[in-house]
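Shown next, in structure tokens, is the structure this report addresses.
Letters are used for the chains, namely A, B and C, taken in the order the chains are written, and counting of residues starts over at 1 for each.
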Amino acid sequence: MNKYFTPLAVVAAAMFAYAPVAIIGAPYESTMLLVQKIFYFHFSTWMALTAAIVVCGAASAVYLFRGNPRADHYAVAGAELAVIFGAFGLVSGSIWGRKAWGVWWQWEPRLTMALLLELVFIGYLLVRRYGGPGSEKLAAAMGIFGAATAPFVYKSVDWWRTIHPQTTVMKTLGARSPGMWGVVWFCTVAFLLLFVLLLALRVRLEEQRVELDRLYLEAEG
Amino acid sequence: MTFARVAALVFRKDVAIELKSGEILYTTLFFAVSCVLIFAVAFVKEGQPLPGAGAGILWIAVLFAGNLALGRTFERERYSETLRALLLVPAPRSAIYVGKLVGILVLLFVTEIIVAPMVVLLFRVPLFARPLLLGTLLVLGSVGFAAVGTLFAAMLVRARTRDVMLPILLYPITIPVIIAGVLGTGSLLQSPADEPIALMWIALLVCFDVVFVTLALWMFEPLMTE
Amino acid sequence: MVQLDQVQLVDVSRHFGRRRAVSHVTLTASRGDLVALVGPNGAGKSTLLGMLATLVTPTSGTIRYDGREARSLGAGLRAQIGLLAHDLHLYAELSARQNLTLFARLYGLDAGTSVENALQAAGLSERADEDVGRYSRGMRQRLAIERALLHRPKLVLLDEPFTGLDDQAARLVTERLKALAADGAIVLLATHDLEVAADLATRVAVVVGGRLIADESGGHDLRRRYRAVVGNA
């Protein structure tokens, strides 16, 4: 393993250990008080999700057009992490919604977008698993299109929920005092670091799986 | 062989086959009609259709039917591996994609022409108040859906689970098309029709179509070689 | 490119996950060669033909056409390649004439004459306007062969071309292929039929388990040599 892995893992663990302390210490937001504190993790997971989608999309493109097998490893790792962080974002957003608005689900732009992107990348994993031989290429197409459609999903859901007459009022995040920004960035960095570490781990796992296949083929004679 | 000529030959071949058997055309149309009828039964209470349902039902019926048509048209190419023969032709391979895309679009347009009046009738929505804008929405939405759908259906031709994989992959990617189509149509159904909003959705669809047709043209050849 | 003199497979492998289809095959075929690829089912012959046709990319190794790779040659290379696969590449809903006309036009040929010639060679001139779906297996096979050869390719790849053909038809096809090779084409055919291969081939390549285990000239005494190499399994 890369020699940076362990020290970075320790740093990440430390950051996550400290995070609750930082969050508790952060100033209260005016309207939502305690519940709003989910935001620190919710927003950070959103950042990690974005990173995962970008990695998956870019790696898929490199794999499809250049045939570089390493790119495929990054693509599948990115997709799996997109599903994981996306799920976390959905759950945290749902919990927040329950506490803030009294319902488990709201067709709020960001939650909706997260749900749709989650479906896209679950589709990626499904096609890899059930697509038969050559499914890496099919999944790469899904990865590229998934990443490409993300901005369109964002725009369309945003307009859907904000411009149209029958919208509920979207909860804005309200004014933020400086103390909050510090905690926001701290948690975001922690999540992104976690993302990078998980990505490295997953890519390594995929490399080993492919190596195993290659050895198997050689051993067969 | 030029790009346009190959695309035209592929399209005309599909038309020739359809004219002879009509299989995909009739079954797709019938499916779309059944869809609308089922929705009518489900969403009409005591003779009163659910307000605002018309726009959504129009698009759902067309897209479900389109999904089936996509599967069927590539099943035909799979049957005798004729897709492989087409890929061997000394012309840019993405011309085949365009030929198939145009075929699917024609089928979608015919479906829309049949389904829209049905929706007006059963759901009492003034779909034809602004026919030009509605037509534009339907055309652009169909192009977006078909562009992604044709590529996915082609790439899934050799996959064993292709029938179920196509909708699973296609619908999440084309969500912006669905939203834009339904809401754009919905805004035209208001009285008075909300044209600026419809135009906004049309703009989104234009961007979507340009991006995705371009991507699909690029990606067709690498996806088709094993 | 107008002429194709030589096609080379250099240490070509193709695997699908853990399933090996083709393993480290090195083979060269030149103008006038009529190479029979023989071997048990699933040995990788079809995959080899697919790779030569540029439809399948190798996972390792290179394929060279007159020293150049497919990528650098582009679409023009395909004008020189004719493939007949196990599935026949025919639209069942169209007639023989329509099928041939379509492909003639796609290859930029003068549709009228080449189609009539092909129909004649396949012996289908009277039934040319019936749907291919109604044909017997033998008729479809003959039509499929003519479709593959319509554009007079220099690299002819055939996968089990004699399936469903009666004796006379098989003989006609054999003559056709010999004429093609004499005319300067490179012909590779995968077949089970050792008798026909023996009569036809200038070279025999034995493929077992994705590997090329023998590559010899001449088709004499083929059955004995095949058994010796492959065993009675």
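For the reader, a short list of remarks on this structure follows.
Throughout what follows, a contact is a pair of C-beta atoms (placed from the backbone, for glycine too) under 8 Å apart; a residue touches a chain by one contact, two chains touch by 3 or more.
Predicted model, so just to flag it, every value in this text is computed and none were measured.
Taken as a contact graph, with one node per protein chain and an edge wherever two chains touch, the assembly is complete, since every chain touches every other chain. Two chain pairs are in question, B-C and A-C; the one with more C-beta pairs in contact is B-C. Comparing chain C-alpha centroids with the centroid of the full set of protein C-alpha atoms picks out B as the closest.
With centres defined as mean CA coordinates, subunit B is found 31 Å away from subunit A. Centres computed as Cα averages put subunit B at a distance of 38 Å from subunit C.
Put simply, the C-alpha centre of subunit A and that of subunit C have 49 angstrom between them.
Those residues of subunit B in touch with two or more other chains are numbered 226. Touching of two or more other chains is recorded for residues 57 of subunit C. Residue numbers of subunit A whose C-beta contacts span two or more other chains: 134. Against subunit B, in their complex, subunit C makes its touches with residues 50, 53-57, 75-79, 81, 83, 85, 87-94, 98, 102-103, 105-108, 131, 147. Listing the residues of subunit A that touch subunit B in their complex gives 64-65, 116, 119-120, 123, 126-127, 130-132, 134-135, 137-138, 141-142, 144-146, 148-149, 152-153, 155-157, 159-160, 163-164. Subunit B makes touch with subunit C in their complex at residues 1, 5-6, 9, 13, 16-17, 20-21, 76, 79-82, 84-93, 225-226.
Residues of subunit B that touch subunit A in their complex: 148, 151-152, 155-156, 158-161, 165, 168-169, 171-176, 179-180, 183, 197, 200-201, 204, 207-208, 211-212, 215, 218-219, 222-223, 226.
Those residues of subunit C lying in contact with subunit A across their complex are 15-20, 23, 57.
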